[in-house]
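Here it is: the structure, laid out below.
By letter and in written order, the chains are A, B, C, D, E, F and G; residue numbering begins at 1 in each of them.
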């Protein structure tokens, strides 16, 4: 307890702002590509930071294992789903312009959803990695 | 001018890496990793100006965050051989 | 609950500062994000006096400029040592009793020590600090310091 | 119209099946999904193969951004050929996988196996379909990363180290490739391979272009396990679950060869790539070394899978030899050997999977009397082995024929003789199997224990394909000839 | 090619060689992965390098998408980083499992143990 | 049934037969019934084609594209017709004999034996009807593979050793030489179709043609031209019905058939007649005839003597073809049939002796003719045919060969034929003499004829040998048609 | 005015670079792990601070400045935390500090 003092306080301070920064990057992603990836990295980093300071069980309570795997799969599906939706609406795969009546609007919506998929997947993958390494030897089922 | 700063940072980087090669303890290397991370953040910021890429700043922030967490994770790993330990049980080790 | 609202407010301000684009969609997203983050933070049990020391208020504003001055001075001192061919160092460990009562105060003090070149806090506990200093003088200055008093004042929110 | 979206559906279907499988986490459902994705891919590939215009290509722009800004997909005869090969093998292998992995992979990991399988398939198909050099890198890594998992997924601990070695070598290879692409990007300002080719023609033989060529060639040579960069392959194939060995042996190196040919002939152009750097001599030398050395090493292996793996290294030598000869027959040989060796090796590894299931071993010394225990498996192995040797009426023969023709056309009599001579070495190691399986008395009591039909039927489909495509070459050969022509013609 | 204007190429080459050296010289699997990561890092530097090489043609720039600062290198580096991280993570996961299976992460010891197991069998 | 269907049926029937044999493996009687009925059906199919071919028809079927310009295709011409007739006809007799032999000797693995035998016939039909070199080559190689289990039937070390020699010689020669010859032909002419009058135009020089001929003749290891003859004695480890298959029905016949076909339909008799570069062939063939005869003369083992006799007789065909006179080529074609009938009789007899008396050496045969009169009479007829005396089929073919040699003024060939006839007499007549006129050794076991099926079979072939002398019309017609094509 | 800002910013950038290099030189010169940490902290404080200040002067009152400020805050909060953790970890794992002879507090 006493040994973690500095880390714990700093973590408490930083984590909410990290999460918000992640969402900021996500929502401003369409003004520069790659937002979802960075947002995912930061989101996962915040949770990992939490896990490092407060322990793996706390992190697992917050984001359970099964949920992490579903995140990976769901994110990819969201990405692909947007692509397929573009196709179903008469454009090409990943065609955003057809996602709304107004092409520019449609494009924003498409990129936002796609980046959201990326965020979820990347965060899921990073958490999965963290769980695998952090949980090694203690909980064989987790790896 | 940004170029001068960039070169100064690269020199710093090289010197720090040299210390990393010399070691001798694992903590020296961890310190080097941390410093290199800081330099990388600054390099990203300076490059952002040098090449007119303001979005590098976002990258720099992200890199800075990851650098701290990475350092802590490495330390934790070396202390406990495990990342998942809630730090309370330190006395026993 | 009040703390949550306050945290949400700070987060939203942070958003506005970062964003710089003030259109309805993004502002709405900012509100949404702030609330979402507060919700997560509550689940993480982060929202308390340690995690959201909003009560400190103006204390921070007076403490920080002083700290920056302190950092510059000691950084120059360390620079001089590094550039001195004789490398006049006298590394010293010093143990002393800090005056802070709260964790936020202790952590602020400890981090301030570390942030100041020439000193590193190695052990941080209520009532006991262990500090490594590059020079004997630095160690004495840390043990009985202006910083201790200032953090105490800052901790009290003054 | 669905038909105009076939190029992207080809890639996206398996890629989307992977997360679905992870989401459901159910072994049987996973198998069904993987099988459905593979079979659909095969149908799509066949449709593309038969509809791709002769001398032309299907272009598809991702997100309707026209090249060079968006990522473009381009299916010409060459890519369609590779797509058919990969998806054919995948759909046979996935059918086979269910029983096979039950024996070699823990049940908890089955869903992971299928997810990685379709991911790998999607990556391989993407490599063939994309027209963007960097996108190709991404697909290369998707397929590689999933194949590392696939190799390590079994219970054999050697597979872990083998997968690690493969990961190191594969990553070095991919990084070399992407460095080469980066140089090309700096030179031409585009990642679209068609534009790249056009602009490279203007740039000519400058040092950055040549170093890009060198980086790409070396990187891909690692991926295709060209001698002497092959040493990761035998370990990986020998210790992976049989179904993984079968799948990777038939597809992964083949697709990398396709990429190499794409760059050498379509992007750089044969004039630059083969003549300027004296790549001919180097490639011929390495190909000969590969066929001779690896065949000899295969001859002395004590493990059936390892023998097959070394034989793969040797067979890659034939492909690169065809590339080096750089005439119509040589390229045809190279392309058709992708197919012929692909189906042959798949058949062999699938049969070995049955042996592993029933005998629990792949050591040569344990194969004594195999023909009595597993007559259909043993006989299938011999028939597919004939194709490996290149006996007439087998798929392998067609390759050898064209290689010999190509060598003779270039007046390299000694090369033609060498091709025949190395075939004799492969005859020897197939013969070793025959002698063990048919002529040695088994130790102990012999119980008839043939592999289950769910393994035997897919394996025998491939075995029969080895013979069928040796007898009836109109599709495989015409396809290969058109593919070779498309590679040389490039993007015009 | 002056040194100063092409420092990113030189850095690329230095990192490449350094990474490959570590990769080859070290038998420790973790160190190999470190070498591999350094080696991969060289790619990022290469793609950061702006402008064009001497003798190259002018880059193709999209007229209609000028509102975006040329986003391509950014995306490429990010993608390369993703790939690098994924590779590293997978490599580490393999090392963990190798350690569990062999009790060592030194390559020669692993090979040695495999050989012994092969003789026993 | 249309001729095309008959061709396909001839190819598929034996394969289906093999499948049926495997299915009926638990019931030997049914299994043997399948073999016999399949053999009869095959012979029927081939007979269906005969009138078509005699009437000048050349039925053809194309199945696959092996390589662009080379199809997996069949075309029935007179020489192939003759070969198919001989092989399919003898299969029936051989099956009868096999049933007797295998049962009497309680051989193991009979199912495998009959199945492989049927497959060998399928390959033989493929060789006979192949319309181009590559198709022929495929069946030629497959024949080697499917006869391998027959050669190593006993599955002991000796059998394996023999089998290995068999494989190495046959596969090695065909891969290293025959295939090269085919590829060279393709490279030179862009064509590998068997063409009446030969397909070589003027693409090859005199020297190249000589080289090409050498590649073909030595590459066709089944023709057992020295020094590629060692496999044939090595294969003597097999049971007698297999020897009959090898020597009479399929394997060596496939070899000389291919040589003949290549000379007639690839080189073209007229195209290469008089070329200096092909002069060596009669000498090699002649040497083989004489040398093999000498070895036969010195062999005490009956089957070994027969084996060397085969080597010698095969080279008659090669020699006759190499003379390149039309009459001698006709003789060569006839000799395929004549030697088949005669040699199968001899092997049947040898097998009958082994089955009834368990004897394998010539020196043990004193007086055996009195205990096995039918067998030894048939043997005598076969021997007469080998020597080339009337009233046996061998006389006719030798007559044509001699006529050709004389008309072409090939006095060397005449001399070789004459000398070899003497040698043949020298190693066959003593056997006949011992069997009928020598006193059997004391303490000789009492035995009679071999089982009736075997005796019936060898009587049939002996009768056929004689009948071919009196009624050589069909073979002769086919051989003439071949030259007239 | 812009001229003045430019000059100021250049001074900051050059100074920042200089302090970074000095810190790195210190990392090489210092005799043990703990003293090297002191040298490194020169980089993280004056080096980083001056560089950021120089950049901020260039950027003016824009979003970029805010982001630079965020970077600065991050370094302010995070780097001492990391340094502290590092020093403590080294101490716990028994890395002996090189102390001036005759001096030093009682070891924990």
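As a working rule, a residue touches a chain if its C-beta (ideal position, glycine included) is under 8 Å from a C-beta of that chain, and two chains touch if they have at least 3 such contacts.
For clarity, every value in this text was computed on a predicted model and none was experimentally measured.
Asker: Applying the touch definition from the top, give me the chains sitting in contact with each of subunit B and subunit C.
Answerer: Intersection of subunit B and subunit C contact lists gives A, G.
Asker: Central chain, going by Cα centroids?
Answerer: Centroid comparison flags D as closest.
Asker: Between chain pairs C-G and B-E, which one is joined by a greater number of C-beta pairs in contact?
Answerer: Counting C-beta pairs in contact for C-G and B-E gives the edge to C-G.
Asker: Let me have the rounded angstrom distance from the C-alpha centre of subunit B over to the C-alpha centre of subunit G, please.
Answerer: 12
Asker: Subunit C to subunit E: how many Å between their CA centres?
Answerer: The separation of the two C-alpha centroids amounts to 37 Å.
Asker: Quick check: how many Å separate the C-alpha centres of subunit D and subunit G?
Answerer: Going by mean C-alpha positions, subunit D sits 53 Å from subunit G.
Asker: Counting only residues that touch at least two other chains, what does the list for subunit F look like?
Answerer: none
Asker: If a residue has to touch 2 or more other chains to count, which residues of subunit E qualify?
Answerer: 69, 74, 86, in rising order.
Asker: Which residues belonging to subunit A are in contact with no fewer than two other chains?
Answerer: Answer for subunit A, listing residues that touch two or more other chains: 3, 6-7, 10, 13, 21, 32, 38, 54, 58, 133, 136.
Asker: Which pairs of chains touch each other?
Answerer: Between chains, contact exists in these pairs: A-B, A-C, A-D, A-E, A-G, B-E, B-G, C-G, D-E, D-F.
Asker: Help me check something: in the complex, which residues belonging to subunit A touch subunit C?
Answerer: Touch list, subunit A to subunit C: 2, 5-6, 8-10, 12-13, 15-17, 19-21, 23-24, 27-28, 31, 50, 54, 58, 62.
Asker: Under the definition above, what is the set of subunit A residues touching subunit G in their complex?
Answerer: Residues of subunit A touching subunit G: 3, 6-7, 10, 13-14, 21.
Asker: In the complex, go through subunit B and note every residue touching subunit G.
Answerer: Its residues touching subunit G are 1-2, 4-5, 7-9, 11-12, 15-16, 18-19, 22, 25, 27-28, 30-32, 34-35, 38-39, 41-42, 45-46, 49, 54, 57-58, 60-61, 64-65, 67-68, 71-72, 75, 78-79, 90.
Asker: Please output the residues of subunit A touching subunit D within their complex, sorted ascending.
Answerer: 69-70, 72-77, 80, 83-84, 86-87, 91-97
Asker: Taking the complex as given, what residues does subunit E use to touch subunit A?
Answerer: Where subunit E meets subunit A, its residues are 68-69, 71, 74-75, 78, 82, 86, 89, 92-93, 96.
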